[in-house]
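Take a look at the following structure, please.
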Amino acid sequence: MPRVVVDVLLKPEILDPQGQAIERALPRLGFAGVSDVRQGKHFELSVDDAVTNPEDVVRQLADNLLANPVIEDFTVTVVR
Amino acid sequence: MQRIGIVTFPGSLDDHDCVRAVIRAGGEAVALWHGDSDLQNVDAIILPGGFSYGDALRCGSIARFAPLMTDVIDAAKQGMPILGICNGFQILCESHLLPGVLTRNAHLHYRTKDQALRFENTKTVWTANFVDQPYAVIPTKHGEGRYVADAAVLDDLEATGRVIARYINGNPNGSMRDIAGVCNEAGNVVGLMPHPEHAIDTLTGPSTDGLAFFTSILSATAGVAL
Amino acid sequence: MSAIDTVERAAGSPAIDQPWAELGLKRDEYARIREILDRRPTSAELAMYSVMWSEHCSYKSSKVHLKAFGDLPKSDALLVGIGENAGVVDIGDGWAVTFKIESHNHPSFVEPYQGAATGIGGIVRDIISMGARPIGVMDPLRFGAADAPDTKRVLPGIVAGISGYGNCLGLPNIGGETIFDPCYSGNPLVNALAVGVLRHEDLKLAKASGPGNLVVLFGARTGGDGIGGVSVLASETFGDEGPAKRPSVQVGDPFTEKLLIECCLEIFAADLVVGIQDLGGAGLSCATSELASAGDGGMHVELDRVPLRDATLSPEEILMSESQERMCAVVEPAKIVDFLAICAKWEVTAAIIGEVTDGDRLTIDWHGERIVDVPPRTVAHEGPVYERPIMRPQSQDALNADTTDTLPKPATGADIRKLALRMVATPNLCDKSWITQQYDHYVRGNTILAQPEDAGMLRIDEQTGRGIAISTDGNGRFCKLDPYVGAQLAVAEAYRNIAVTGAKPLAVSDCLNFGSPEDAGVMWQFQQTIRGIADACRELEIAVTGGNVSFYNQTGETAIHPTPVIAVLGTMDDVARRIPMAFGPDQTLIVIGDTRTELDGSEWAFAEHGHIGGRPPRVNLQRERSIAQLMTKAATNGLVAAAHDLADGGLWQALVESCIGGSVGARVEIAPFEPFGFLFGESAGRLVVAVKAGSEAALTVECDALDLPWIRLGRTGGDVIEVAGSFEIPLTDLADAWRATLPSLFDTVEVTAEAL
Amino acid sequence: MPRVVVDVLLKPEILDPQGQAIERALPRLGFAGVSDVRQGKHFELSVDDAVTNPEDVVRQLADNLLANPVIEDFTVTVVR
């Protein structure tokens, strides 16, 4: 069964309060060299062997459900 | 008596409170089940607050696909009055019945607050009774209520008077342009983050200001029911 | 897979070495199991006995002491007492209420968010299993010093976990406590209370009766949650490669629990169960053995029918798993179709895993092979009982001798003024909104009072206005100074917090948080505490309905303060008559009760001097009863506008809270009393009430009739609090100081992984 | 500046309520062939050119802040 990864990120123009909270924490934690943090979601899922075009199916799933196109972009990767 | 349908999804929480508010306002509350495909001849529909599907993924994103939502979306397009409160508002946005999206509060916490509001559109079927008293205190309680849309959408909402209410005396979640609620172009579909059903009695809430939502819809649909 | 350790195999191989010690059993406990079974236990049986005979499940160190509660006079209000999942009390009109408080201390230290979340989940399931609809939660919390790194690590996650789980269940959070003391550093106390309501006829009990009835497991699938200890057994079963990794932490799923609540209520309404039991600590081992033990027959279970989340689990692990959000019901065969249909409606997984049998054994099979065959009572109810050594610590005398008399005290009005501003801002006395605004107290629309009121109050019946009030209290410092008196003070304070709202105190649940029972000094504290609670309840005529014991709250040799957290439940005939704590303008303030200069163990001594020593304030339980009588009458007849109990921080704190609550100042005259002791002493049995100016007499007449001392304190109005002849402070300055503490401590805590 | 990705997932043996809720909704959406859904977090961040070992630094950050090692695992990938 192919395992597929979907990564969802807020569009660059949308405020990311979690990313910002992390950024604010960095200097204090001693990670001064890290910047421009964005937080999104990461999904891993299995697709039945019977499905001929796993990537397309998952892309559709991402577009319909896993991401909200109003604010988010996504990438789909078949890992194996 | 007008029939106001209140939808229960798995994880809905404030459905009972909406029932109580409808009855208090003098209407008949009709329980609608997410898995059915029957709007039971109601005159208007409320999508209540709560954590449908545990807020998994994004709030409202899974409830949007409930069988009953197909009927709700069709009815909305034909002009049926729909009110989405909190999670209901999130479901309406996810269903694209309302523009924009509700995201994680800017401060990252769930927050309960008696929130001051200003009603800016008192022409909708849900807000008409705010016309003489546009200021209200109604509880907010959510972790993901920050209204987000792109600038063009926000400009359009403002230009067409579709921002129905704004937060005043402090924005509880970082919502863009202090938006607490919006409506669709036709004005029949309204989404609101605060919970009017928790402001119908000073014994249990901060005010009775929320009752106006329920009396508004009953007056608006009175003609229809006759 | 290597061979299963069957009963037959166990009978034939008596000499095999078993890991009883690793599982926490003592040598003689293991010997007793062999004696009961007349052979060595199978590894599944060993797993069951070891977990059920643990301190947590068997109460082996506390049982002999808890008997004191059973010896209390029977109360008519008590429908179900100690021993069931939760006690049930009659509140009139055919309504009954069940409530219970429980600890989830250690899991919350290890993984704050999930530990606290599953604490709420667990106590709510106890309430459901009585046949009740859960209607509210409370969360008494204790942390180390507010600015300690460990507190910053655990507090935000614990609060977020309670909020995340409780809010998602749709249960209003109506109160709790937040107390900071270095003694809890490394041992935060996360106690969780849930309350539910039912009609008398809907009461359910945890028992399996009626041979042929089916045993159904429903709710979440079973995973390897919380079975750390039993992996020694699994590694034997699995041979060389060892078991797969087992999570040490349980993750809660409030959405599944919400469905489980609605599913159970619909099942109860259709009268489809004979008995029901939640799965908590010790999972299926506990549920099956307790159901069978309480029933009139035996039980047979086919363990391979349990729906699994992780297919690699061994039978021992399935028996021990503490996966959350599961319930076990006994259902008549004729009703099973309806039962399963309701589960399907709510998308709740359900499986028939066994049946009630004629015999008196609990038998469990794994793929057709018998792996358990035991008398269930020996697992569930007849575990070991210890009379642990008890000794009053030698240091106790020195502690009691070290009073606050020698501590420097403020002398001038200016000094007291500065102190007054500092005191309202101490972590223990400051505004707790940073925490409580993360909780939903509105949901269900029946919350009459919630934080920051003295007690939470819920409406039960919308027609009649009948309701209940609950408060939790427990001052660990007082208990440290004198555990007997401290426990009585805790009962008295919770009782008084009910009384000041106008409700009538009725019943008690308690959570006893202590150090190691193997320490004779701790056992002395424990014994004294129980006596204190029992004697107080006897004198106050309130029933103990149940509770929970949490031992081993200690770091190295150092135990936490003995910390009984007492929850008192009261009834209110008509919630519209509740008495809130916020003052209004133009009211006369009256202090009821005797104020002595009692500063030992006070928040002042602790916050200003880091001092704990001397003797706790005196208790006068008859006084507390009179206060309750007065306040019930005051509520019924509308004699007072507001009332607030005097406790931590003394009169000054109560005054400030009630003034801030109503956004109104006050002018008070305390001469001839000496201001410092009068304002900051913590004498028990006191409250401040506000009455409409001019109608004091109606109240004071009642006070006199009840022999309750009272003084006129002053009058509300303006926007400063003025202590005549001593000092005054603008209300806004007080409110700012009071509100700033928790945000400045915890808003600056950088995000943690749980918040992302 | 190297851009680094951190993916955080609950450990396999830990219950994933979110992934479970998504999985249960899939058949209704017509994605019957998709199973075993796990939801995690996805972070993207930039590391200063001056930092000699970006991967190590980010790994430390992930261990300290981005992931909760009690219940989560994570992977770090330098993308450019």
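Here the chain labels run A, B, C and D in written order, and each chain numbers its own residues starting at 1.
What we mean here is this: a residue touches a chain if its C-beta (ideal position, glycine included) is under 8 Å from a C-beta of that chain, and two chains touch if they have at least 3 such contacts.
Since the structure is predicted, the reported quantities are computational estimates derived from the model, not experimental observations.
For chain pairs A-C and B-C, the one joined by more C-beta pairs in contact is B-C. Look at the CA centroids: the one farthest from the centroid of chain C belongs to A. The distance from the centre of chain A to the centre of chain C, with each centre set as the mean of the Cα atoms, comes to 40 Å.
Separating the centre of chain B from that of chain D, both taken as means of CA atoms, is a distance of 34 Å.
Spacing of chain A relative to chain B, judged by their CA centroids, is 30 angstrom. Those residues of chain A in touch with two or more other chains are numbered 18, 21-22, 25, 29, 39, 65-66. Annotation for chain B: residues touching 2 or more other chains are 53-54, 56-57, 62, 65, 108.
Within chain C, the positions touching two or more other chains are listed as 253-256, 347, 750-751, 755-756. Taken as a contact graph, the chains are fully connected, with every chain touching every other chain.
Partner chain D is touched in their complex by these residues of chain C: 110-111, 114, 220, 223-225, 244-256, 309-310, 323-324, 347, 750-754, 756. Residue ranges on chain D touching chain A, taken from their complex, read 1, 7-9, 19, 22, 25-26, 29, 31, 33-48, 50-51, 57-58, 60-61, 64-66. Considering their complex, residues 57-58, 61-62, 65, 93-94, 100-101, 103-108, 146, 148-150, 174 of chain B touch chain A. Chain contact summary for the complex, chain A toward chain C: residues 18, 21-22, 24-25, 28-29, 39. Interface of chain C with chain A (complex): residues 750-751, 755-756.
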